[in-house]
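In what follows, chain A forms one complex with chain B and a second complex with chain C.
Let's look at the complex of A and B:
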């Protein structure tokens, strides 16, 4: 199960992650400001609540944010705690935190599992603003964007698996439609220990690649310390994206005391079993399970399946089209030509005009010998762009293949008559002449000549000339 | 009824004239009383003209142009909100508190922002950066705090109504000391949105008036559910009706308890006046019985533990970078320290430091968590009493107002003066203070408590006492 585990077997690697993702909502967690903090000029997407003006109070936790968080938890098989949870105040000073405390909830769900890694707990919190250290500028537009923090058990045994795990986790969250798409980013605190030594926490790693690099660096660094006879002391380190190395942030003796208190401005929140049931009933299949099912149910290759499940809408689209056509063909077309065209046009199946019926109809035409594979690519492009049905596209483009032997023979005779030298060459043993003549037939029919039949008839005819 | 009559008078007389007179009084006398930090004269005059037009058409709101002063820890858009502190000396509120919105909608005229103990940390109105407020009844004496300017501006005739806030008695104490009516609503009845934080789980805004009707009138306007304050609940908004419909003989239906714990250590003269009023109510037919609240003795330590903890959290933002007076320094730590050192008074600093200490991880179990537990014991005490009685009666303050400067150096004696008022906040119930007599020429306040969200019962009780004291 654990990728590359053997490579680190002697190190007894233990890696745990605290992963922050922005939950998808229209409004911020405690006020009515938009969560679209990127598209407004600095400090314009704010209100008295998210800037913590004296006297302002938080509104209740945004319901959609909580719902999305519950989806994440249930998707990972977590159980929701029965007791109402408090929102707490975590006190620390930072320029982008207007109140100098961050509101962060007690664990809401816990005890789950994803890809063999335990999920310890999941809670909700508010994003602070953004601070440009070099310019000394603060932008509070992001203040109050809802975050989920997912805390894993130290079950990850290699940097490679950490990367794999994070990629799949992000994919799952995108699948669920619960995280902000455009940010695509992830903020993680990474915990690592080797040889049963002290735990090192690496703060604020901002990408999947960063997590991988930070871990690789940390393994080398800690091994070197141990080889020199040193010991690993418990500390918090900072990952520098530029140089891809970690640096000491603070030793454990000066551990921060956040002086947590339950926020007196917010009432504790109770999640009813009915609410949980309601959410559980609409949860989609996990990508992991979907992959296994697609490979088994439709006998598709791994590469094709990976391409299909990387996009929830595409995988649904494929399943729909596979109901009325050969799934192997349908899978191939969806994963290759369709996906290529969508990427090219920066569309998804949900935003383009193509429907599953287009694919299944198209495969029907191919199977009946009425459409060439080459022209099918054009059909897909047109269907994505215009949504016109296949039959009318076939007519419009004049794509119907010519497979009538009589018609083909007429054309072949004409081509042979027009190119006596090629016929001579073939007869004297030049195989290339056959391809030349075949090309001429194809041109003559504007690509509509059914290839295998054409070759066969052409060969027969050439032999007959003898 | 004084306030009701006043509104009726305003419908026939000039509102501009009325407001003008208030402004004149303020300009003449407030130099001495010091009940305002910021005046809103021009705006008030303009509003009086606008509202006069509405009165002429008979379309005015319920407040009909009455002058209202607002404690300076409540946000009024475009006006300075100092909280009585140098830290916020230049802070202009960019928004209206929910209750200010409601008051403006009902045509109340905001005449100014009132002086107060710095960040509401005080019980006598002397700890403001803008100087002590003086008691209009005798300017050598304290007006009570922390809503000192609210009570004083009303007692001095500078305003018709006022809004203060009550965390542990901050409305009732100055009401008692200045001889006006003050009302602490149940926790959750009135929105706290726009009320600057002191101890968030204890406090809320509330009205001051010259009579029970005035209290009910403001309650009708400021109470009710607010999406911007999650602890709020729906309100019946029929409080003026309750007061108007109360008849002398309704006193007979009141079941009133008094607790011996509320008379321990109380000044004899105050005790006698209150006991006299209790017998008066009894003779009018009210059912009066003695009860006990055994856990009240823990109220002061519990109260201050909660206050310090929540206050230190709330004050974090005043670091000179986000909010407050920027002083500067060699690094961030020094800059923040400089702001706090030079812009905060001694009591504020004391509370921030104690609160920080109490909420440190290693002491949590020892102080804060225990205080929260003990708080529920006090709640239970009141619950038990309100199962059998409508009201709990007693004095508001254990002493008469003291001379200005007398208690400033002794925080413990200052804290102990809150002994009779903090329990209502710990329990989240409603409580009131109203003038019922005088001793040494200084007012004496009577305190009533009713169960959480039983404001109507409390108003009936206030009205009964008002009538029993010969009010109209």
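Let's look at the complex of A and C:
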């Protein structure tokens, strides 16, 4: 079951993504210019090749870009096609593309899976330059930065899951070390259909949040059209990041308009089984194998494991904390409260201040009866935010659980004295009165009363009143 | 020889994709030129290539190059001189919004 899938069940929602990520290399894909298009003044990392000066020819494909792409594919369990692939020219006229065609390869790998979403195919292409639509300004520094395009099956069933999927996919790619650091902002084309209606493509969404917002908006818009008795016609829409809505793109190109032809300046590329083996041998454990191992080695449930392996930094973090604490407890805390807090703060364990020791220490406090589960959630939030060690957080927040019977009895007696009606109610058989009194004790102790002991003492004391 | 009809629709579509606004006179001129081009190229159809798809006549594959330190091009200004209009290092083109 995907996140919030239930909410959209009646809509028969199908979402597929075409995700573009920049592959990490020093040089551009077809020339020797730097790929650093951000820290350089406009139109400074350019040469006759990437700006398509008349007579220029591309150099051979940057091998590192191709290797990084293969890593992505193999990591997602894709298979490489046996036939050699060639680079094609996809023609269109736009100011960000001086050659008037984009070099884009045929699919190189396909048939993979990530977080239950099928990966249809992955290919390599060149990034165009940057075109500021509003100002009419063009910077060609980005022209020729290698890109991987990852095309998913329409297996995503809610905007919430699309967001989670993208976030975790980006983290995995970052973990693999194959994408450019600053490219955290992905670019995606989003395909969506509801109630078996036509597929709508939303172009050029530039952030994970944007994908979520664009999907939410499209669902509302399409539902409204259908409710009014209209039909959804197949079209391409543009997402406006400012107003967070999608708009019809008037001019639309079809596949035939792109006039794809094999680039005669580049020869086909063949990925040998030896090359694949070489790449595979340096890859970290795949999510699939990790899942099997976590379930067996740590006896964790599938749901918990799925949450842990969707973020490889988190799965490493978990393994580290499980060395010094009960792995089942550690898995549970990492997969639920910790992940929730990180998502809330838009952080990863690699970027937040929390360490595996925080989790193992915290579990120790819970097991010794010194910390309540409820307060442990607060501890996680603070550890993520501040990185302070658990002992000083316990002191600072005064979270030490009260388990001394004498102290608890004093409080219970006070609560019973203050609420004689509830005591009477309990005596006349109203069980709810017990919960009420327990709640009062919890409030009185600011949540620090040890629950099982408190209930037992409370019951004993109430019986004694009889 | 391939029968291709270069009618008004084709001319319209091609000019749209090319982002060009054509006058009636220009449309007529292009129509004639397109037909002539296709006529010239129809010679290619006479070549017997067999069933197999043939995109490359040379058998060379895998021309790749190692990634290394970037090598800045030393005549960037020569490229920039080709830009029609410049502002703060950017190329200035029509706005699109």
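One rule holds in what follows: the second predicted complex is superposed on the first by the 278 of 466 C-alpha atoms of A that agree within 3 Å, B and C clash if a C-alpha of one lies under 4 Å from a C-alpha of the other, contacts with A are read in each partner's own complex, and residues count from 1 in each chain.
Definition applied: contacts are C-beta pairs under 8 Å (C-beta built on N, C-alpha and C of every residue); 3 or more make two chains touch, one makes a residue touch a chain.
Owing to the predicted nature of the structure, the values given are computational and were not obtained by experimental measurement.
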**OP:** With the two complexes overlaid on their shared chain, look at chain A and say whether chain B and chain C clash or fit.
**Re:** clash
Original post:
Thinking of the overlay built on chain A, is A:45 touched by chain B (first), by chain C (second), by both, or by neither?
Top reply: second
**OP:** Scan A:55 for contacts with chain B and chain C and give back first, second, both or neither.
**Re:** first
Subject >> Broader residue contact with chain A after superposition on the shared chain, chain B or chain C >> reply: C
**OP:** Mind working out whether A:133 is in touch with chain B, chain C, both or neither, as first, second, both or neither?
**Re:** second
Original post:
Taking the superposition as given, does A:257 touch the first partner, chain B, the second, chain C, both, or neither?
Top reply: both
Original post:
A:367 contacts which: chain B (first), chain C (second), both, neither?
Top reply: neither
Subject >> chain B versus chain C as contact partner of A:101, first or second or both or neither >> reply: first
Original post:
Is A:266 touching the first partner chain B, the second partner chain C, both, or neither of them?
Top reply: both
**OP:** Please indicate which partner A:89 is in contact with in the superposed arrangement: first for chain B, second for chain C, both, or neither.
**Re:** first
Subject >> Shared chain A contacts, counted only where both chain B and chain C touch the same residue >> reply: 48, 53, 59-60, 93, 95, 257, 264, 266-267
Subject >> chain C-touching residues of chain A, taken from the complex the two chains share >> reply: 25-27, 32-36, 41-48, 51, 53, 59-66, 84, 86, 92-93, 95, 131-140, 251, 253, 257, 262, 264, 266-270
Subject >> chain A contact footprint on chain B (complex, rising order) >> reply: 73-75, 81, 83, 88, 91, 93-95, 97, 192-197, 199-201, 227-231, 309-310, 312-313, 316-317, 319, 321-323, 332, 336, 356, 359-361, 368
Subject >> Complex interface listing, chain C residues touching chain A >> reply: 13, 16-19, 55-56, 58, 60-73, 76, 79-80, 82-83, 87-97
Original post:
Touching chain B in the complex: which residues of chain A?
Top reply: 48-49, 52-60, 89, 91, 93, 95, 98-101, 257, 259-261, 264-267
